[in-house]
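Some structures to go through are shown next.
Next come two complexes built around subunit A: one with subunit B, the other with subunit C.
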Partner chain A sequence: MTTAREAGLIACLSCGALEPMASDGGLCSRCGGRLRSRRPYSLQRSAAWLALGLMAYVPANLWPIMRTTTLGRGEDNTILGGVWVLAHHGSWDLAAVVFLASVAVPMAKFCVVGLLLWGLAFGRGFEPHKRHRLHEIVEYIGRWSMLDVFVVAILAALVQVGPLASITPGPAAGAFGLSVAFTMLSAQALDPRLLWDAGKDHA
Partner chain B sequence: MRKGAPESMTAENGSLAASPPPASTSSRAAPLGEGKALGEAWSWGGDLAACPSCDLLHRVPDLAVGEKALCARCGALTAARRPQVFERLLAVALANMVLMGAALWFPFVMMSRSGFGREIRILDAPFALAEGPTAFIALTVMANIALIPFLRSLAVAYVAAPMVFGSAPPARSAEALRLWSFLRPWSMAEIFMLGVAVSAIKLGSMARVSLGPGFWAFAALLPTLAFENMIFHSPSIWREIRLRRRRVEAAARLARRRGRGRPAQKGSA
Partner chain C sequence: MTERTPSSEPSARNPSSSDPAPPVETTRPRIRETRLDRRISLIWLAPLGAVAMAGFLAWRDYQSRGVMVTVSFETASGVEAGQTRVKHRDVEVGLVERVGFTEDLRSVALHLRMKPEIEPYLNETTQFWIVRPRISAAGISGLETVLSGAFLEMDWGRRDGEDKRAFAGLADPPLTPTGTPGMRILLRAGEGGAGVGAPILFRRIPVGRVETQALTADGTAVEMQAFINAPHHLRLSRATRFWNASGFELQLGADGIKARMESLASLLEGGVAFDTLPLPSASQSAREGDSYILYASEQAARESMFEDATGSEIRLAAIFDESVRGLTVGAPVEYRGVRVGEVTAISARLNPSTQRIDILTTMVIQPNRLGLEDPDPTTTFHILGAAVENGLRARLASGSLLTGALFVELAEIPEAPLAAMDPEADPYPMIPTAPSSLQALTEAAAEIMATINSLPLAETVETARGAIQDVRDLIASEGVQGVPGQLAQTLASAQAAADGAARLLADPRLAGLPTRLDAIGANAERISERVAALTEDPGFAALPGRLDAIGANAERVSADLAALTASPEFAALPGRIGAVASQAEQVAANVAAFTASPGFAGLSGRLDSIGADVARAAANVAGLTSDPALLSLPRRLEATLAKIEALAIEDMIFTARSALDEARRLLADLGTQQIPARAAATLDSARALLAEPAFRQTAHEASAALAEARTLINELRAAGTSQNLNAALASVQGAGRSIDAAAAALPATLAQITAAAARAENMLGDFGPGAPGNYELILTLRELRAASGKLYELMDTLQRQPNSIIFGK
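Presenting the complex of A and B:
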């Protein structure tokens, strides 16, 4: 089992060309893409995006995500409040979907990326195959958290029924969208090849 | 398709256990005989490739049409030889762009309650965020659900169309292919659709919600977008492009040689 790095080569991620290690940081001679044996400062960048995501996640849960005005009476809803209202009205399935997308998935993502980074930085943690699987899942599933932002957008566009009822988006929608984007960037910043280097040097 | 990863990449081709690989893969060194030139032009694999996700070196097997090779260690797709890949990519990209146009143009969802009615198009959703504290996210949402899927299909069509009609890959096709991959995680049409479903169920108890033609166009768009994602594999697209170029060159070489050969024979006769 030899990796390209051990063989003194860098694989271009765009066109698949193998270039000598000396061209690290330069451009691929075939397609002009940036060549990186391992993404520089991958762990640091990933951790920084993750921290930003956490920071945005706090106001996303404290501020109202939307404001429902019914017959002149306004009511603010937070994310968890919305889930609670849904569950209270008996739509358990819907409450479960929203809870999964806007609470469970982001939380799981913070924990998993945090654990991966911790393991890589301090040389402990999961075995590479498990690490790879976790990273794959996080990259795939993280995008689905955007669901709540889309729901708010659709409801705010649709529910403008004159004096009867109207819905306006709250500041938490923006914060939550940012949090999702930041955690997606965090998962992307983590170079998957580092997950396999474990123990060897990962510059 | 060859499913089991190990046999496709490891079996006899090996994941390069001991033998040190050459420094460069573009082995166009020795002048090739006619037959060999054609033979090489016809073999799909044979060179080295690293797994995009774990960096393990493999020798790419000479895949048959429809086969794919998975990394022997982590299972990531390393090479895929799709049948008529440019034709299919062009078809699906055009379908995507037409469907996206229809989805944006036609009414998307209608809602009515006690005499009041409202009809929205897709882009009304991001516009609803454009005022107040969520303004900065409105453009992102618009990009996620409409602009990015459209742009990616445009990039695919831009590269695939000349290949389908037998010309050289267009200028800046490398940039187009990179843009496609870069935007991949940010295309969120399918998530938006789930959002529509959640909203419709949420409102269902309080108002009548009906679906417009824009909704159906968008629903039809999801499988075609997924198909584009499924058959597009950047290094393999590059491989097909190189293969095309190699074949054209080999054919030209052959034609030149015959062209030189014939008059000489005539002269000697």
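Presenting the complex of A and C:
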């Protein structure tokens, strides 16, 4: 399999036009987008976003994501605490959904992106097709990771019955949102073409 | 990381790249160089910034996390770590971070994280308490915590006190938040009553609260701390009196039952009311922390006019020699009826010097009630000492004769024996005492009883009994039994006499009487002047010699009398004869004096002419009083009075006797001119009589009659009391009947007599006080009126109680 780079060409990532390699760093003659044979510092950027995502993920799990006030008594819930409470009250399905959306998926994203970066950085890992598949899944699933934030937002909007009962978002909600955003940026910053380049090395 | 990419570049080598060197080897260094230029992307600043930011936030959080404070409580009910807030005026100032125990597990320790800006207020004035729903008589509080859960409230007194980090939490919220405008005062009471939280009422409006209640250190009183809210604290002054408004008051008085109720809250937990009395000290406003007495009732508070509720006290002791039964602790100490203190203790102790048990009475005196302005004890003792030297003594006095309650009286007794105050005495300065007025009274009563005891009552009774016996005998006599009849006659005569007198007095001719009586009076005056002249006569000096002669004659007579008395039968008569003899002697002396004087012949002649004048005047009077009844009036009066006298009613006898005397004197006046001749004749006759042997016979007979009378009296006595009594009663009954009969006519008669006497007296009163005859007449008539009044009384008494003639009234 020959890459565009090997053919001395650069494909515009915006419109797909092929330009000669000489215009690397210049502008696409068709759409005016910047032309890059490979995104510079793609791995570093992705790794940095990933680190930020991880950093945000810590308080998102330690801080309460939701404050429930019932008859004047406030109760704070962390993400895992909420899962536990749901499971404790018998809502296994809900607990499973929340756990998947808020814990399993973000953790999986961290792991997958980390694994891809590690593989690219040290020339190890899966063969290029599997890498590409993993990358696509991560990008796809990223937008669904905000499930927990959505739940909190909806509950906070719905349950406002004055002093009887009210739900307010906790500080972890913001942190969790940031964490998701950072991981998405991380996945986006990773130039998928590098996945194939790495495959070439091993191939 | 990106090194992988350049490492793959040689294989993907583009000949048209900017790098002129075609071989892979040549391109590699270029890429490596560029990579070396910028080996690390700027993107790494983002995570670094995030780390820095997180670090900064953590540092700031650490910086602003505030101070840790530990508060211990009995229980932590409703408190949750990390949840329970600490508030001040409902603004959050901290959070309970941890709930634990104190080291000994005796109480709960709450670890609070306070906001840093609160730190200056965490000092010794800071208080913490838990706000919970609280329902009391005073109201419901902390209701909001039912929903919100308990929270801790904190309050502080001032900023920048001595720093403190460990506190003891209050079990109950302070009743008055710190900084509330108002005044805090102390109330002292003998016993508790108003509980903590009890309202303080002014005209039944709550203006404050009792905050604390505790016994004083010595346990003799209860001290309460109370807070009066502004602006009511301005109403307090030194003249303010507090009393226990127990909520319900029932008064039973002369005007019925009065019930009075304060507010419901004060009914449940008591209350304190106050008012300011109109005293001079009302102008001295109260100060923070002033102490007041809490009186048991409004009445007691209002009666404390003379007290300064914040006054000082001194203690005195006194030893009373008498029994202190009835004296109680709390009994008042009074000075001239003003309460100046009270008894605080009564105890006994051995006096080592006298080996006697002393009853020691301790009392407390409030000097300002004695009018001493803010004195120190030394001054007070000095003043008291001076007063004691002037006779001030403590003595017991009776507060109530019914209950026998005693109180101590500070009395000024000028005649008290000298004593001084002992300021060094143990345990308190000793004030000397005086016997109580009660004791003096008892002593006087005992003295009177002793006097009565020493009276010869038995003898008196005996004498009285003898007197009664005599009266009985007298009444039993026939003469007395005949009295009523005679009395009736006498009364008839008296009536007739009164009629005559009335007629006489009504006679216009009597109008001339005063002038004539005046003339008589003038004559009498002249006589007395002449008599005076006579006594000054030089011939009068020869009188003694003649008196001697008369004495010789009298001696002879007495010798004869002695011969007569030598006879044994005569022994019973000597008293009477002696009296007659002495009278006769006197008369004789007078007569002799008259007769022996050389001017006697002339005198007698003049006397004769005077006598003739008087006789003429008398004749004129007689002619004037043409009614013979008037002439017989004195005699009849005498007879009447004699009979009344014979009734042996003391009063009457006295009156009658005085009347008789007056009558006799009148008669004597009427018959003055005849006396000398009569006296001489009588003397001669007496002498002749005494010389006659027949007289002896008479004397003998008289003694025999006396003996008979004695035997008769003895017989009468022997007849027995009952018989006598019966006879006496029978007589009295008969007499009573007669008196009844007479009584029917009596009132009219007596009225007439009274009227006549009054008229006569009125008329005679006009004659002028100087004339002796006039005076005599007035006296006579007055006696007559008195006699008739007595008679009326007697009649009345006899009519109602016939036997009173025996037993008296």
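Methods note: the second predicted complex is superposed on the first by the 198 of 203 C-alpha atoms of A that agree within 3 Å, B and C clash if a C-alpha of one lies under 4 Å from a C-alpha of the other, contacts with A are read in each partner's own complex, and residues count from 1 in each chain.
The criterion applied here is as follows: a residue touches a chain if its C-beta (ideal position, glycine included) is under 8 Å from a C-beta of that chain, and two chains touch if they have at least 3 such contacts.
In this text, all values refer to a predicted model and were calculated from it rather than measured experimentally.
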Kindly say whether there is room for both subunit B and subunit C on subunit A in the superposition, answering fit or clash. fit
Name the contact category of A:149: first (subunit B only), second (subunit C only), both, or neither. first
Considering only touches as defined above, state whether A:45 meets subunit B (first), subunit C (second), both or neither. second
Go through the superposed model and pick first if A:123 touches only subunit B, second if only subunit C, both, or neither. second
Value for angle(subunit B, subunit A, subunit C) over C-alpha centres, in degrees, nearest 10, is 120
Of the partners subunit B and subunit C, which touch A:159 in the superposed model: first, second, both, neither? first
Between subunit B and subunit C, the one with more contact residues on subunit A is chain B
Which partner does A:73 reach: the first (subunit B), the second (subunit C), both, or neither? second
Contacts of A:26 with subunit B and subunit C, given as first, second, both or neither: neither
Once the structures are superposed on A, label A:55 by its partner contacts, choosing first (subunit B), second (subunit C), both or neither. second
Between subunit B and subunit C, what is the tightest CA to CA spacing in Å in the combined model? 10
Using the superposition on chain A as set up above, list the residues of subunit A that contact both subunit B and subunit C. 3, 5, 8, 20
Could you pull out which subunit B residues touch subunit A in their complex? 15-17, 20-21, 23-26, 48-50, 52-57, 73-74, 79, 109, 111, 113-114, 116, 118, 120, 124-129, 132-137, 140-141, 144-145, 174-175, 177-178, 181, 185-186, 188, 191-192, 194-196, 198-199, 201-203, 205-207, 234-236, 238-239
Which residues, counting only subunit A, touch subunit C once they are in their complex? 3, 5-6, 8, 20-22, 24, 38, 40-45, 47-49, 51-52, 55-56, 71-74, 117, 120-123, 163, 189, 194, 197-198, 200-201
Residue ranges of subunit A touching subunit B (in the complex, touch as defined): 1-5, 7-9, 11, 13-20, 30-33, 86, 89, 91, 94, 97-98, 128-129, 132, 139, 143-144, 146-147, 149-162, 164-165, 168-171, 173-174, 177-178, 181, 184, 188, 192-193, 195-196
Taking the complex as given, what residues does subunit C use to touch subunit A? 1-2, 4-5, 7-8, 11-12, 14-18, 38, 40-41, 43-44, 46-47, 50-51, 54, 83, 147-149
